[in-house]
């Protein structure tokens, strides 16, 4: 499908500067712009590319003032990044939608499917599940007994959802994610042999939750492991049993949160963060990548980094010095020697 | 199903304090207790909840002496935590058990299935496998050729087990785990191009082993990667080729153990630990979360933490000082200046 | 199948020292050598085992000079490690090859399959895919629409490949890997609620790429996430959207690379490394395990380690001192006190 600069500007409430009739049928990055494509300029670092891009249309912020000639047609919008995202969403909407129930799936008779549900080949859905309207379940996914999935959710391929878990509306669960496996709970006897503590709770995901590929959210020992509305979890993340994550929190890849920890609202965690069990993390906490959190964080909206974690300023100052520790140690040795010399020279006079 | 306080006390060899006939049909956490449920008090931190819980029955230790009025009926037992675990196990036992071989599975004719095996839909089992009595294999799991699975083991959905691997009795393998993928072995040529070293070994799991969701246990280059009896491995853990893990060791989530390392018995590793290859880790070693182990640990039963690792006491003392490094560096500068002043003032007299 | 020492020596261009007719039918490790097997000696640390191994044949380097009697027949070759790898490859070649298209798979009519393709049971392949000659797709794998897989590639069980991804020739993708899930891209509004930025790009893997079990390679926001020819990626690795990894790079388990970072050629990363987004990593960079990279690395062929990373020499020297920080801090306090004493004693004379 092709669209003209004018059609796109109309959709985005933007203003065309250049050829209103030029048409594009695809997107490109500004540094790799090609004829027939639309690109955007949002990050000022990339400004120099606009003078040489081969893309035919560039979305720019209304505030953008070119310093040289721009060959491409520009569409001025309030926020170029948001505008390109709007166009991406439009494209997604027009993609052919998966529909229908594959004859090659295996769905228990006691399960209820809503309207316009898609179930791919080799999907298994257990007993007494409730699958909401417009839910899409991609091939090879397994859903255990008594699971409930809210309307509009997308479950990609090869996902495993254990019995009794509850997913909200408009969730997106990426391939390989495991929702509701047993929490890691064992009681050691006197010889140090472990006996398993059955994990009889479940997982509850709120609305608008996204879970990344191959992430694992363990079921609670008792009660629920909870990920609240609007929270986004990246790939390969571990959420242990009885953890509760608040609303609108973002957790980057390979982070792990140990059992029973409560994470607040609007937190942002970088990749490979580790948080100990039974801790409470205040709302708005920001953790840099690889941060190690060994206890509760009580003050909201603070930035921490390092393992063990430090306030970000302290961490930066300490890191600079860690690099210079060998010099510092040497300096101390020199000082010690000189001090001794001084003491020696001073001692003699004092003996006089 | 409902049970009375007396019935539960009889099962647990406990003693009822309160209404022997009160009945419950579910569990709750003490801080979220509801009518009709049973809860427990094991952690002294939670003691204050017992005076306000709405649960009808609370399991308590025999030693518990209430300081205020307790509304709920109490059942006194030797160990409240173990008692609740016993009840959980009872509940698990009464859950309907999966049985039968799905007509939608794909099992090679040369494979032998024991008695009372469950095989779910879309499970594939290759040639010449031996599946023990009472094994349960959940939907969408793939088992390669020549695999052997000991009796009573549970393999959850979407697990992949490569050819020639051997699982012991009463194993639990959670969804998405991969047992027996190729070890990461490549030989670089003069240009730095890698050629693959075929991995012709296998993986051998002992009895009573549990492997968490999406964990990966690689096959040996030659011989076997081994996880011994009673060892419990959490989610997203990486066990590389030719690693050997001893008996009754517990390994928390996102830990990685590099090739050919031998881990002892009764070790406990926190989350996100990394252990280098070709090392030997002594029996009873305890590693804090995010520990980095770059060589062998010879002394048994020691606690280490940090990356690079330190004995736990040293780590704590050093961590306190790392936080103060900027002050420390400043102090040294001050000392240096003052020392210079002193030397200058001292030098003049010495010239006399 | 059995082979004589002479037959093996002929195949490897080696020279038999001992019984030319002795036959073996399996491999063993030198420290666990058994009658009827062949082993090898490459690592000098293992030399003492050659005098006691029960293996019947040992591959040794031509330069090897025994200091005691060797019971086993030796085959002298240019490079014993490479020779054993050659034998492993021979064994692999003779293993029965999977062939044919399972009647229990689900392949869209619009998809093209090359010659001699293997498709296992419960595999789904979407619309308009191109599957090259000799490709093998193991059971329970899901391949989305418009995917292309180059000839000779092996896709193991339970892999998920999202729509529009492109795999080169002779790739090996291990079980549970997820290729092309959405990048982690969200735009927060004023209340900190996230709206999803559609990820309309794809993943492109070059030729001879290997991806480990349960690793995740996210699709680009726009354009492609790229892993170039000959690059080998271990298990549980995260490659974020729009990352580009150069040729012949090796990335060990549990490493994570954040969005839009460009990694050079011939890099080697240890396990659990974390690299920030939008960085450039120079060719030939070597990163020790658990390294944290918070910006670009411009100088090629350097070795870094630590979090935050340091040149390896600095890291080692600093690490030694970190261990001694408590002593160092004490020393500084002592110096400070003594300096004060000196100043006091000096001040008085100066008052004179």
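The letters A, B and C name the chains in turn, as written, and every chain counts its residues from 1.
Everything that follows uses one rule, which is that a residue touches a chain if its C-beta (ideal position, glycine included) is under 8 Å from a C-beta of that chain, and two chains touch if they have at least 3 such contacts.
Computed from a predicted model, the values in this text were never measured in an experiment.
Trainee: Between chain A and chain C, how many degrees of rotation does a Cα superposition need? Round to steps of 5.
Mentor: The two chains, chain A and chain C, differ by a rotation of 120 degrees.
Trainee: Is the contact between copies chain A and chain B built from the same residues on both sides or from different ones, judged by whether over half of the numbers are shared?
Mentor: Counting shared over all numbers used gives less than one half: different.
Trainee: How many angstrom between the C-alpha centroids of chain B and chain A?
Mentor: About 24 Å, centre to centre.
Trainee: Which residues belonging to chain C are in contact with no fewer than two other chains?
Mentor: Those would be 122, 140, 158, 176, 214, 236, 254, 272, 307, 322, 328, 332, 335, 339, 342, 346.
Trainee: Which residues of chain A touch chain C in the complex?
Mentor: Spelled out, the residues of chain A in touch with chain C are 27-29, 32, 81-82, 85, 88-89, 91-92, 102, 104, 120-122, 138-140, 156-158, 172, 174-176, 210, 212-214, 230, 232, 234-236, 248, 250, 252-254, 266, 271-272, 289-290, 307, 319, 322-323, 325-326, 328-329, 332, 335-336, 339, 342-343, 346, 349-350.
Trainee: Can you tell me which positions in chain B touch chain C when the two form their complex?
Mentor: Interface residues on chain B, with respect to chain C: 106, 122, 124, 140-142, 144, 158-160, 162, 176, 178, 181-182, 184, 186-187, 191-198, 200, 214, 216, 218, 221-223, 236, 238, 240, 254, 256, 258, 272, 274, 276, 292, 294, 307-308, 310, 314, 317-318, 321-322, 324, 328, 331-332, 335, 338-339, 342, 345-346.
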